[in-house]
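Chain IDs A, B, C and D follow the sequence of writing; residue 1 opens each chain.
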Amino acid sequence: MLDFVDSIETKIASLGPSKIDSPILSKRKDVSRHFVAENERIMVNITQSYIEECIRNKKSFLSFEVAGPRQKIYFDPSKLKCGVVTCGGLCPGTNDVIRALVMELYHVYGVKNIYGFQYGLEGFISRYGHPLVELTPERVASIHELGGTILGTSRGAQDIGEIVDTLDRLNIGILFMIGGDGTLRAAAKISEEVLHRGLKCSVIAIPKTIDNDIYLVEKSFGFDTAVEKATEAIRAAHTEAIAAYNGIGLVKLMGRYSGFIAAYATLGLREVNFTLIPEVDFDLEGEHGFLEALRKRLKKRRHAVIVVAEGAGQKFFADQDLGTDPSGNPRLGDIGKFLVEKIKEYFVSIKMPITLKYIDPSYIIRSLPANANDHVYCGFLAQNAVHAGMRGKTAMLVSCRHNVYVHVPIKAAVIKRKIINPNSTLWFSVLETTGQPRLKN
Amino acid sequence: MLDFVDSIETKIASLGPSKIDSPILSKRKDVSRHFVAENERIMVNITQSYIEECIRNKKSFLSFEVAGPRQKIYFDPSKLKCGVVTCGGLCPGTNDVIRALVMELYHVYGVKNIYGFQYGLEGFISRYGHPLVELTPERVASIHELGGTILGTSRGAQDIGEIVDTLDRLNIGILFMIGGDGTLRAAAKISEEVLHRGLKCSVIAIPKTIDNDIYLVEKSFGFDTAVEKATEAIRAAHTEAIAAYNGIGLVKLMGRYSGFIAAYATLGLREVNFTLIPEVDFDLEGEHGFLEALRKRLKKRRHAVIVVAEGAGQKFFADQDLGTDPSGNPRLGDIGKFLVEKIKEYFVSIKMPITLKYIDPSYIIRSLPANANDHVYCGFLAQNAVHAGMRGKTAMLVSCRHNVYVHVPIKAAVIKRKIINPNSTLWFSVLETTGQPRLKN
Amino acid sequence: MLDFVDSIETKIASLGPSKIDSPILSKRKDVSRHFVAENERIMVNITQSYIEECIRNKKSFLSFEVAGPRQKIYFDPSKLKCGVVTCGGLCPGTNDVIRALVMELYHVYGVKNIYGFQYGLEGFISRYGHPLVELTPERVASIHELGGTILGTSRGAQDIGEIVDTLDRLNIGILFMIGGDGTLRAAAKISEEVLHRGLKCSVIAIPKTIDNDIYLVEKSFGFDTAVEKATEAIRAAHTEAIAAYNGIGLVKLMGRYSGFIAAYATLGLREVNFTLIPEVDFDLEGEHGFLEALRKRLKKRRHAVIVVAEGAGQKFFADQDLGTDPSGNPRLGDIGKFLVEKIKEYFVSIKMPITLKYIDPSYIIRSLPANANDHVYCGFLAQNAVHAGMRGKTAMLVSCRHNVYVHVPIKAAVIKRKIINPNSTLWFSVLETTGQPRLKN
Amino acid sequence: MLDFVDSIETKIASLGPSKIDSPILSKRKDVSRHFVAENERIMVNITQSYIEECIRNKKSFLSFEVAGPRQKIYFDPSKLKCGVVTCGGLCPGTNDVIRALVMELYHVYGVKNIYGFQYGLEGFISRYGHPLVELTPERVASIHELGGTILGTSRGAQDIGEIVDTLDRLNIGILFMIGGDGTLRAAAKISEEVLHRGLKCSVIAIPKTIDNDIYLVEKSFGFDTAVEKATEAIRAAHTEAIAAYNGIGLVKLMGRYSGFIAAYATLGLREVNFTLIPEVDFDLEGEHGFLEALRKRLKKRRHAVIVVAEGAGQKFFADQDLGTDPSGNPRLGDIGKFLVEKIKEYFVSIKMPITLKYIDPSYIIRSLPANANDHVYCGFLAQNAVHAGMRGKTAMLVSCRHNVYVHVPIKAAVIKRKIINPNSTLWFSVLETTGQPRLKN
């Protein structure tokens, strides 16, 4: 759990000083609402040894700004216009975030002008012709029951200049961007261009990644829901596997660069015999390769369940030029179908009959509404995003660290991706559960 | 619902007369258990016009023997040995049937020797080396909670002679066969060979087909569960479709020869715009073809949901020799992937960007445990199978007609497959719901 | 399944002859829609012995009119106004019925004026001030996802004269009434008064009863969904029971006069040891009474699960005057709490410590949205209700018999309630599953 | 989230030095398993201001020992005998904890002798006669699919002396106790007595409380699952409420001393209008009381949903002597039924007709199997409990703080209960969602 943290920028940019009394102050006389002090921060590394080392070496502590409502804010709610956009693949909880943004802005701060940009970054670009959507409490009241995003989404970059033109023309004061790695990079560029032009527009990101692979983000929303549903596919694979003599159930799960869903789903339904993830190399052939290990498992137990993250084993496609997807990510080789082929070939070659069932539950998972845990989590993320925006913070994302909501500079979060440490308790627990060997010659 | 019924054989073969008092008679003094009279039958066609026509033309009525416990039975429970086998693909409820067979034989009739043959028909063939499994109430008590089949299964035929040798050697008095079309045909041959050899072995089939396509079987077990789960995939497809501009969600569902799951799932979640089934021909190209209809739909509503049964559009593979699967069925062309290709090609050709998401939930559906409705249904099917077997009936299957459990000669049920009548209320309801045009030039 | 059918009225009243071509005729050239002939009927009793007896005795067959679209209809769709009302307790599928009524009227027949009366029969009575609701395809498009009823509901009778005044004033041509026994009686009176006044208003009922206890109605909508969910409560009771030494789990299920939910839920999750229903008397005290049987069960297995229908054991409240509920039904004694008291007292008296957990899932069940099976069923019921109404039929309900949709005169359906025959296969299966003794001294 | 932490004991007792090489060392050559250093600790308060204050004032930091595997352990696995016991009410995930304890002990450390004590603390007391249960990997392999506890449970204290006698006689080296507040107190006493007698027996607690109210335990296992299911009851209440004119849905949820389930369920399904918890006082009567607020809500929206934690409003029972339950906790007044009575009385008194539906889902929630998130969490808790026990730690519980698994002295955790801070973001979010006023005169 205690991953190493590099020397990173942790200071949050802001549009200017906070001079306006928060409307929360006068909201309810009966509750003494806790405000977060301007300079409240928590430690990034919370081990005693780190603290002591810093003291010894007179090094300053790495810390993050704590999220939450400030007593003084930057924007005047009565004049503020806000924008919301959702980008990239579907992820459970996106509508919860939209709903909570609107409810917090409208009911807590009194902001009445909230607009949705449709179909991702396309929504800022006039030639697509996607109209703005007005977001009111009535419009969003029940959307948390739905999967997907009511704003629509798309993949891929758009011209930063034209995006900022649109923000300027519409006089958007806070732009909330819900999206993954690509969206974070776009958000960073937009906020730079905004500052460069001297506009007064906060850019606040709420990181969305079903893969749970954003650096400095402990757990991304929707991840819990995804893992829960992924176990259903594992159960199906297991049922199919044990019903056949030498039955194999193979499940491909999300995870382009990191195997978090694969690993947690394995721990969530402990019927998996091999978990293959991008972070841990494996060989197919040879005495210690995967195929021989699979043969041994079948020999011993007559069935096997395999979970493979979509980004695992990409070395097998090294000689193919797969191009990039609309988001600009390199296209991955389809490891699921590849394994199906290789497994079938291998067992034909050794004349051992098998029955192989392949399950790819991707869209069934991505399109789910959030479970209760994610409903709650999305609500808190969005509320903290609103507090940050109202205070005039910018170029940041809301995250949770050590169970405390914090502000993280986007630039720090896009340095690298979060991946599974193969020496961690998490991966060791997976290995214990699956009982899989090293799979390397 | 009132499908036309051909002139079919409806008389049930029997191993001999019933001379033994049913143990049910003495079971509970407080309940006057209803026994079914030996000759109780129900009409196959229940319209008044049919009855009147028969009377007018002095034609005899087509009728089925009613299932249920008989006062006198053929086998002596204390000496009887029974066998159970499950064949073909997984289907929700199979373990319920096994459980209820064992419970009814053991507790109601007092049969103590019940054996499971493992991995389908392979279980009868010595060279596979699959050991017999003893089936006791303890062993089966909780299996209804599990999908799949505790006996394992396999596809494909085995030597009838060797199967009957095994039955003979083990002195099996009743063989319960749970399987689909191929299994029914095997059951017919086994019962023939049994009679030919003068053995005393009843062969009772409990028809299993997730496609719900067995002739004279109103609804096969597991179908309800399958439809319920299939709607989840439709919901996912719909969520993905509306989240994209020109979004398309395509779901492939089971249904090799008949589109029942596709049709009922469409009625079970009314978000489908095109339902394609084997029974209704459609064109891809041309003014009235599917692709142009899809384009129009997108133009109008900017998203579309398509459900395709796996056996639909097989004409597009007419020029390919796909061979047969292990069950001896002709291999189908993969209409799901075919449509994905064709749709993508088409919209590239007309330069209209789309986002297409393809979902194939097959094994997630097949491997489910039964829902409550199927739990109940499987229980009744199995109980009636036991009653039929104890009475010495053979070469028959248990079915439900007009909500009455009946005995149907296997030979009658394998004449042809049950399919959707395109002029039926069912199909018309699907057309109303989808609003799809004719899709034919 | 073959319950005895009395000599009942089976002729359907009609407002007049059908002279207008059905708009379905011209709807789709590609589908030759099957129309139901005016005089198409199916047998009520479908056993061969009944038919032969009728022929022998020259008795006419009891038969029901088959439901479905007629080629000629009574009402001119372009001028027709329709009303919909929902009455009584919540039941899964009610919104499905509303939705399908609207969709069928609007899209298939072209009826544009459809109104919902709010909060049950109160909606017709001006002093309540509940406004009419316009029902359009847009309004109802997604309501099948919701439990309850978008029209609201209430219990209890209202003045028939004022109801008919309202129908007359609003010029309602077809009134669709969704409700239970009380609603059916109201529907009968309304249609009488309508005819008496010479108005042209069809009254078509869609029977709604979660108890599944309406006579001549094979299965009421929502029943499947209710049974499915009821098994969840049984599972909870079982888990609690086995976790304690001498643990008892007691579940109260719906069923005022009939134990269908209790019986099917018992078969749907076979962990119940005692099922108590209104149709089968039982004693509490004494050597063969329930309490002693419970003690024996605990002695043997150390846990017990009990399912009791709310209408069971009402003899224990015979000396109490409980009055009537707003629907005019006699109030039932609370058998659940009564059993809790009696069981606790008994085991205290014999100094045997027990742990008793009581579960009443009533509203959690009633408020569910329909499952897929009920979605489909509700759609067909409503479509057939529309066909009947458009044809000018009145004073009838739509039902399903032998899996065929039929028209049943309301007067025939309210003669008595459908109950479980204690000598039926259904009840015998319950007894086999629970293993419960007679429970009578 | 940053609750104030008192000056508490954070040092963990231990049976003695660790001299034996952990078997993990030699387990897998391919993985360099991360061991936790003996003295690894994390900060209890992680704010920068706290750290700086400590430095300024030369105060030592409050910190917890980090959980996880140690390179050197105390017990020799080949000779060790372990015991497991589960106490108190059911909670999702208990079987997961049992399973993971057994798997970790058996497969990772090679401990072969693991015993379950049945029915809570009764299992140690000979007069109850509950036999020991041998816990093997086979026995526990599938129990995570089941709710409840396979070991059974009971409430209430037993003689500490006799418990320790039993541990001594059976030569138990590590006792794992899964239970709530009462169990923690018992564990503290047992470990004291063990040390006093000079026995070598570690006592490790895994805190179990569905109420999530144990001090210093961030989130107790099963809580997520409970909240998820609780939202189902809220949905039912909402559906019932909106279906009636002046409809009220009232849900009672678990929470004797703290309203965490009520609060999180409110945030998990945002349809609640009043959330009543033990931590926040409210009045019934008077201008600002709950009943008048409820009337205003109905007047405005015609329906209302109320969630009440079972421990809320206990002041209304102050004059009643309710005694204590078998666990020795004071019996609570039944606030659910009390509110039902009071609400009905009030609206009768003001002649405003209402429809009130009351839902108590308690046992349906408690008896659930864990959801995926809790499956994973229970696994980690149990593994860390095993690591702690093998190291010879005692009188401690495993907890999670700032997302790091830690060792907490039981004595520190039983000082007080964890409750909701009415000035916290959590409670403020609930107030925002419900819109409820102060409810105090």
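We take it that a residue touches a chain if its C-beta (ideal position, glycine included) is under 8 Å from a C-beta of that chain, and two chains touch if they have at least 3 such contacts.
It should be emphasised that the depicted structure is a prediction, and the values quoted were computed from it without experimental measurement.
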Chains touching both chain B and chain C: none
Chain centre separation in whole Å, for chain D relative to chain A (CA means): 29
CA centroid of chain A to CA centroid of chain C, Å: 47
Geometric centre distance via CA averages, chain B-chain A, whole Å: 42
Residues of chain C touching at least two other chains: none
Topology of the chain contact graph, where touching chains are joined (line, ring, star, complete, other): ring
Chain pairs in mutual contact under the definition given at the outset: A-B, A-D, B-C, C-D
Chain A-facing residues of chain D, complex: 1-2, 28, 30-34, 40-43, 46-49, 51, 55, 61, 63, 66, 68, 103-104, 107-108, 144, 218, 224, 227-228, 230-231, 264-265, 267-270, 371-373, 375-376, 379-380, 383, 402-405, 422-425, 427-429, 431-432, 437-438, 440
Touching residues (chain side chain C, partner chain D) in the complex: 90, 118-119, 122, 128, 130, 146-149, 152-154, 232-233, 235-237, 239-240, 242-245, 249, 355, 357-361, 363-364, 366-368
